[in-house]
Structures are given as C-alpha cells and as structure tokens.
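The data blocks that follow each hold one structure.
Two complexes are shown next, each including chain A; its partner changes from chain B in the first to chain C in the second.
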Partner chain A sequence: MKLHSNPWLRTAYARLWVRAKSIYGEPLWVAVNVGFPFFTSFSFTMVYRAYGLGAYAGFAILGGVMISFWGNVLWSMASQFNWDKQVGLFEIYISSPAPITAILVGMSLGGILGTAPSAAMVAILGWVIFAPPIHPFWPAVVLVFSLTLASLYAMGMALSSLYLAYGREADSVNEALHEPVSLISGVYFPSVGGISPFPFAVQAAASLVPLTIGMDALRQSLGFPIKVAFIPLYIEALILALMALILLLASSRALRFLENKGRRTGSIAVRQR
Partner chain B sequence: MNVLDERLNDAPKIREDQPGLRNVMNRVDAEITVEVDGLRREFDSKEGKVTALDGVNLQVRKGEIFGVLGPNGAGKTTMIRILSTLLLPTSGKAGVMGFDVEKEPEKIRAVINMASGAERAGYDFISARGNLWFFSQLYGIPSEEAHKRINELSDMLGLQNYLDRKFYALSTGYKQRVTLVRAFINDPKVVFLDEPTIGLDVMTALSIREYILKQAKEHGRTILIATHNMAEVDAICNRVAIIDKGKILACDTPAALKRSLGAPSLVLEVSPVPAPASLEPLGKLDGVKGYTSSVDEERGLSRIQVVVDSDGSAQSVIDSVRKSGMTVVSNWRQQATLEEVFVALVGRGFREREHEAA
Partner chain C sequence: MSVLRSIVASVRVGWYREFNWTNPLLGFSMRTVGPLAGVIAASSVYFVGSSAARSFSPSQLAFILIGAALYTHVAAYSWVPTLAIAEGKWTYVFPQVFISPHSSLPYLTGRTLASFFSSTLTVIVSLVLSFFILSSVFNTSIPFTVTPLSVTLLFFAMLVNILAAFGLGLLLSAYALFATKFEWALPTYVAGLLMVFSEALFPVSFLPHPVSDVANVLPFTEFMRASRQAMIQGGDVYSYFSYIGLATLGGVILLAMGFLAFRYAENRARRLGVIDKKTA
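Right after this comes the complex of A and B.
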C-alpha cells in the first residue's frame, strides 16, 4: 500500500491540517497565544531583576515558551473530544472507519505545529529583550524538547479520554488545573532541584507531570548559569521517553474501553434517545 | 401512474420466502441491506430502566427509502444509533449489509454513513469545503476524488457558492446541506438520516428531499430516515414503519397504510377551545378509532381530527360534540393522512403522545 493511501496517515494528516488551520484561522488567537505567555514571562523576569536575580531571567523565558504548549495541551487536546461530543463530531468519528489514535496523533501534531510559532516568538522576544546568559548543548536541547512535547501531548491524549468519561465540567477542570500545574511544574521558577521552594514529596509528585521533568531537562541542556539539576539529564530523557510511551498506550486503551462502554451505556452521543 | 406509484415500482421487491435475519447474517440474500430482529434497548435512568426499543423487527431492501415515523421519544434515534454502531442492543439482533452491529462494527462503518438534521458538526474556522475534505479523509478517500465528490454533491444541493465560506458563517440551512453532503461523501451503501429536514424552510426541505430521492434512485443506496414529519415520509419513502413507545405498530407503503383506514376521516372546527379532558368521550364512541386536536389561536378555534370507520360514526361524533356544549363552526371529511393512521393505531396524535411523554 502506498504511504499516501494509508487510511491511518490520511486521517492523522487531515486532523493535523484542521487543527493547525483553525489556530491560524483566527488572528486574535495568534495574538493571545503570543501575548499571554510573553507577558507572564516578562512579569516574572522583571520581578527577578527587581530582586537582583537577573541570572534567573532565562527560567521565566523558558517557562513562557513551555506554557504555550501546556495551554494548548490542556485547552485544545484534553477537552477536545468532550467538545467534539457536544457538537456531534465525536459520533461522526466513531461511526466512521477512521482509527481514533490517528485522530489523536493528528490533533497533537497539529497542536504542536500551530503553537510552535507562538512559542518561538516568545523565545525570540525574551532573548532579544533580556539576553539571559545561556550555554546550550543543542543536540540535547533538541532531544529533550522533542521528548517533552511527545510526553506532554501523550498526556493530553490520555486526559482527553478521561474528560470524555467525566467531562461535563471540562472547562472548570481546565481552569482548576492550569495554574497549579504551571506552578508545580516549574514554568515560573524551578520547582524541582536545588532551589525549589517545595519539600521533596511535592517535588516527587510534581515529577509525575511530564512538563516538570521536561522543564528541568531543558534547563540543564540550555546551560543556565545557575545549576538547579533535579536528576541527571540522561535519566530525565529516559523518563520522558517512557512517559510518552506509557501515556500513548494508556490513552489508546482508555479510548477503546470508553468506546465500548459508550456503546453499552449510550454515552457516545449527547442525546441518548 | 402517479409519482408515488412510480417510486413504489422502482423499489426492489422483497422475496416472499425471505426467512429472516439468519439469512442476512449468512449473506445469502443481498437484497436485504438492513435487518432488525427482536431488537430491544433499555437505558438506565433515575426512575429505573427506560425501554427505548421493545422488540422491533424490520427489513429494509436495497435501494429503498425507508421511513421510521413516530413522535419524539418513540425510539427512532435509538434505532439509528444502534444501526450506525454507536449503541449496542440490550437484546435482539441488528445487521447492516449482512454484518452484525455487535460483532462486526468495523465492517459496517466502512459501508455506511449517517447524519442528523439537528447536528451542526463542523470546525468553525475551516471552510465548508475544508470540513468536507476532512470528513472524506476519515474514509481514506484520495483528495482528488474527495474534491470531485464534494463538488458533485454540493451542486445537487445548491451549496457550490458557499463552499469557501467558513463554517461558522453559514446559515442553519447551509450547515444542514453541508451535513447532507458529508452523509454521502464516502459513497455509502446505506445511509441513516435522523430528521434530515428539521427546522428548515419549505424550499430548502424540498431540495433536500429531492437530493435524497436522487441518491437512492441513481446510486441504488438504501436510505433509512427517522422522522416525525409525515409530509416527508409521504413525499419520499417507499415504505414506512410507524413506531410508538419502542414498538413498530405498522409497516407498509404510505399509500397502503392510508388506504387501510377505509372511510375518510372527519375534521371538526369547534369553539370555544375545549379542555383536553372534555374531548376524551369522543374516543369511546362506537366506530371512532382515535382523534387528535390542535388549537388555532388566531381564530380562537380548536381543530379536531377524528378517525372513523363509517359515515354513521362521523355523524355520531358531530352529535356528541354539539351535545357537550361546543359549537361546530365547520366540519368536513378528508382523505386519510399518515397522522390519522397513527391516530387510528394509537388512539392519539403525535402532539398528545409527546405531551404524555413530557
């Protein structure tokens, strides 16, 4: 079978296209996607500077970059199927021969593609304005960045299954998760390692979120002047790869389970009778 | 030969020795594309089990437009959801193109499509064309072929000039047309449509009905329509099953069902508007099969349609109404409609049934 006629690839590509096109289809969203993370990291950088901690500026800029992806995972991945269900798209997916994993993977890749320019803009603005000192080892940066995105979006896929099952309050759950997860995963300041304000138990719990480990790995590979490593970089890379794999498998199995359960209970569509 | 008879002649004939679901499941007779046997579906609710389908039996033939007619809550949507593999039966069997909905959903999904008139499913910031291309990819259709189909189907529905508009910018009617193009985008053998013209103006509804007729006639698709719109069933369906409270009450051609009532029904316009309870004695009169009423608020009248079995019964209904103190403003006899078939079967009209259910 030719690669381009493979139904799995066709579905994934089509979903990627829809996601990326939707993000760029509304200019206001692009402005918000760049503006919100930039002003967050700008505020924290100014606070660091005011207290004579200019060397910490890089932490806040990196946080601004990663919070763009975290926001995309939470608002556009995790709650997407629940939204799809409300408008009748989910039943179209299920009643078609399309593999649901292809839809999730396409959605993730489209999300990354749609968010990357905003994240890059935050990085460029931050580095141009604040010029934080860094000594990156680029191969490691590229590797851990890719692994962080893979595990983060795999978490989004797993959350999408959960939201599908218990998603009536999806927006409220998103609101409830956004800031606490941002805080404990270290997008504003290092939440794990040497200068973390949290006790070890909280740091260990925070490490269950791929973003926490990914942020620490990126801080290490970017070579910030303040060394705050939580665990060695290569172990973090392994953990991220493992998390991506486990979460991918978990989301695939959870969706299969929920489809079967939905067919039994009548919960695939909003209207039951 | 009128249009309806022509349609009936066009519909493939069922073999009289058709022995039932086992044949379909064994793929012996390809003429039957949808078959339902003893289908039952229950839902859990706070009040306990609710039975949506209660032992339904149906056979739909290849190329047929088959209507499932009933009031809201009768079980129509549940049946469509089971046949389109979104829901499992509690008991009984359902099959599409010889595949079992319970055991072979993947095989069914490859040959069907479905759409609901109430759905507005699409991505707002993508054009109608982009949305339709996306849906075509769920079936693995090559892009060139997909765009050809989008153009052909859109032409039939007058959607061509709106294809490049963003989905959110389309009116309800055009969104519904997009839904109907989507329902046929994968060249399906069987299509399930749930209230395809609900909420649409008369002209749009007409063009959609014409489109559905063409799809069945020119492409030999089997189309099962769940609706409470009697005019729609009358206009396009080869056969219709009347369903109420999860049970099929009758199944035949619309013309045969109407003929089965025998005498023309009686329509009375009365004033003042009676309380529903004061009409109940009508249902107990000899020769009355059932009645339904509606209020004409503008004229301050109530219109009562009574299904009677003879001219004598019609006269006794008029006498009874007069005796109860109402003024009969006008009365006439009319050829039976499908609603009157329902009234004759259930004793009440769609409106009363829906009020009871509420």
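Right after this comes the complex of A and C.
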C-alpha cells in the first residue's frame, strides 16, 4: 500500500512531520527541553548516593528519561487540541476529511521523535556521570519501552478529548496532574512491589496508570537491583499492550462523541478564552 | 504613594490570574497538589534509598522535607516576572503596562508578591500534610520544632528570600523582554538548577569543586539553611541569624544585579522596539 493513496497514513505522516520539524528545525529546543528532566534526575541521583544507596541511582536516571515523555504527553498531547481550538486549528481539522485518529497518532509519533533527543541526552549524561550498575536484556527493554510509550501516548489521546471538553482549565489541570502522577507512578523510585514505601491500596490504584506498570517493567528489563518484582515482566508487557489498546479505543470514541455533540450544538469552534 | 497603589493593584491582578479561573478553594487545592506530591516524592526517594542501605534517619528526612517544600516555593514565585512578561506580550497586557508611566517594575513586583503569598500558603499546607502523611506511611517521628518562635523565624526567612528570588526573577525578565520562543522553558531550567545548587535535597558539599563553592554562597542555599535551623530540632538561633545575614547580603546583591539588568534591558528593548514583539 502506497503512502500517498491512503488518507489516514498521509494525515498521520503530515502531523508527525510538523511536530518533528518543530523540534529538529530548532535544535536549541533539545538543550532547552533537557534542562528540567536532567537536573531533577541529577538531584535524585545525588540523594540516592548521598544517603546511602548509589546502586539505586539508575532509578533516578531512568526517571529523568521517562519524565520527558510524560511531560510531552501532558503538555503536547493532552492539551494540544484545546490549544488548537483556541487558535482556530481544530476547526480546520474537523472540517477537513482528515481522520482525527490519524492526527492524534501522527501527533504522538512526532512527539516521541521530538522528545527522544532530550530523553537520550538525559540517559547518556546520567550514565556517563553516575555509571549506575545495570544488567539489561535489550530485546525486553526495547519491547517494554515501546509498549510503555504506546500506552502513555494513548492515555494522552484519551486525555485530549477530556481537555477539549473542559477547555480553559487545561493548563491548571496539567500543572496539578504532572507531579502527583509522577509520584504514584514511581518515576524516581519503585512505587509498586517489594521496596515501595506505599501501602497496598495505593500501589493497586497506582497500577491503573500505564506509567506505573511501564516504569516497573523498565526497571526489571534493565536489571536494576530489585530483589522482589511486583509482577513478572511478561505479564506487565501484556498489561501495557492491553492498556494501549483500551485507551486508544476510548480516545477514538470520546473524540467522535465530542465531535458529534459539538456539531449538533454548534460549539465545536467556540473558543473559551 | 502611586507606586504603592500600583503594587497593590498588581497583587490583585496576580491573585485573579492565579485563582479566578475557578472557585478559589478548587484553585488553591490544585495549586497545592503539585508541591505536596513533589515533597512526598523527594522524601520517598530518600526513604527507599536509605531503607535499603539501612541508614534511615528521621532528621535527614526532615532535612529533605523542608528543602523539597521550600524549593518548590522559590521556584513557584521566582519565575512570575518572566511569566508576566511572556504571557503579557501574548495577551497585550504587558505593552499596556509598559506605556503607562513607571509601571513595569511595580507591576512585576506586585505579581511576584501575589505569587509569593499564594505559594507561601500552598507550601505551608504541603508541609503540614506531608508531615502527617509521611510520619504515618514511613512509621517514623519527624523531628520538627513547631513553636510560635520557630514558625515566625521560618516566615521571616521566607520574607528575606524575596530579595534573592525577585532579583533572579528580574534577571530572567531582562531576557524575557527580548525573547520570543524559549522564555517559557527558561523557568523550568532555573527551577532544575535551584534544585541542584540550593541544598534543597542534599548538602552542596557533595557537588564537585568549584561548583560546590559557588552553591555554598548562593542566597537560596543560605535561606534553606536558615529555615532548617528554625524548623528542625537541634537548630540554634545564632546559626539561624548567621544564615539569614548571608541570605540578606546575597539577596541584596542579586536584587541590585536584577534591577540594573532589567533597567538596561528595558531601555534597550524600547530603543529596538521589541517590547510587544511576539515572534522571531
């Protein structure tokens, strides 16, 4: 099947290209984006080293890598349609024959491509400076990393429909969500499993967030020194795949519902600011 | 008097900007959730690491708890002048403020003070909540000194730190007057740097020389140390005032630098005609 003959693929490619170009067209963005994840993971790595357990330093470096993607999901996926609506772009999406799911998928892939350089820089700098002990099984790392990103960006797609409905609260909701989700997902420390500081009920609730399962699976596949695993790795991979599928379907349905409702009530292009 | 009126009006503008998008209680709760989660996350990192190494100490937990809470406090309001300019360019507020006589500095001061007051409230609530949550979850007793004197000393340290935070804010604002694309990301960069260099989570002596020497004399570091002397058992008043003295000195120097940089940048921006420039 040729790319140019399929409108879905053409749309996804176009949206991917725009997003990737916005980063790679201005390489300084990589240096700018790397700042916060790097310094945060540097601080937490120093906490592990300063207070007794340098062997866990890798948790913080991995956290810095994944927080880059989580930030991208929140700020450039979940709230993107809301911003597009404010500048009139969403109206064009809706009135064009371009499938909305293709736009979302293209946006996700572009987001991943755009975030990858800064995430890689955090990983490289962290590993060069701190050299944490890891014993990775690379095929599992690649599989789990891909599934984690798939489920995380599918969550971003689902959130984008929610933000589209709620409008101007998006920025404040993003600010309120960023830290708590990082906390319960255990971005910088294992929030689930044997060495989690949290009670079982919190661990169970945290497991509903794809990032939690993804972080745990990544820690296992990278061979971090965790004696007791939360769930076996292959089950976590299956859960991540399932989450990605469910969230993808949910986002597609939610957007279709909002689109239909917006058409009926004539509010689809109403700007709320 | 007109300057004072401008500052008070700007404080009100700042509060409306922060809370008026919803009802004040919801707005306040949502602003507290982030710092609270940040404090618990930093404390959990310490707990996981030190428990595995069998080196857990409640006083070190108190050290991290205070540092994590106050770091978010400083990061929350020191970037407000930059935000007021960057956002103000897009909403046409800042050019309007600028063309009214002698208003930009009182406006930025008022916006910063508004954010200082609200983030002081959120950080106090975060500290109290995280104290109870962490004491219960980690099953430990966190050695805080909570007396009228210690709380007053903590507030005094916070007030003193406005000098340095506003100075930093003005330095960033001087850049924001000219910037058209990276100014939004700059505060997160600065927040990250503060986390590393202000002794928020670990003693700066763990940093390599000469970085540790620079971090050691930053007013933010002295502010953290003074606050810990006030709030953690074992602190003494002599050390507290020594740190406050150094924080004040550093704060005055940073504020003077920020003021001069902003004035220079403002004059240059006026000459170049970029005060309302939004795109490169």
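Quick note on the criterion: the second predicted complex is superposed on the first by the 260 of 273 C-alpha atoms of A that agree within 3 Å, B and C clash if a C-alpha of one lies under 4 Å from a C-alpha of the other, contacts with A are read in each partner's own complex, and residues count from 1 in each chain.
Everything that follows uses one rule, which is that a residue touches a chain if its C-beta (ideal position, glycine included) is under 8 Å from a C-beta of that chain, and two chains touch if they have at least 3 such contacts.
Note that this is a predicted model, so its numbers are computed, not measured.
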item	value
Touched partner set for A:96, first chain B, second chain C, both or neither	first
Partner chain(s) touched by A:88 [first = chain B, second = chain C, both, neither]	first
Partner chain(s) touched by A:46 [first = chain B, second = chain C, both, neither]	second
First, second, both or neither for A:15, with chain B first and chain C second	first
Per-residue touch tally on chain A - higher for chain B or for chain C	C
Contact residues of chain A, present in both the chain B and the chain C interface	26
Contacting residues of chain B [partner chain A, same complex]	43-44, 50, 52, 73, 75, 77-78, 81, 84-88, 105-106, 109-110, 112-114, 116, 118-126, 130, 133-135, 137-142, 166, 182, 186
Contact set on chain A toward chain B in their complex	4-7, 10-11, 13-15, 17-18, 21-22, 25-26, 87-89, 91-98, 262-266, 268-269, 271-273
Chain A-facing residues of chain C, complex	21-22, 27, 30-31, 33-35, 37-38, 40-42, 44-55, 60, 64, 137-138, 181-182, 185-186, 188-189, 191-193, 195-196, 200-203, 206-207
Parts of chain A lying in touch with chain C, wherever the complex brings them together	26, 28-29, 32-33, 35-40, 42-44, 46-53, 56, 59-60, 168-169, 172-173, 175-176, 178-180, 182-183, 187-191, 195-199
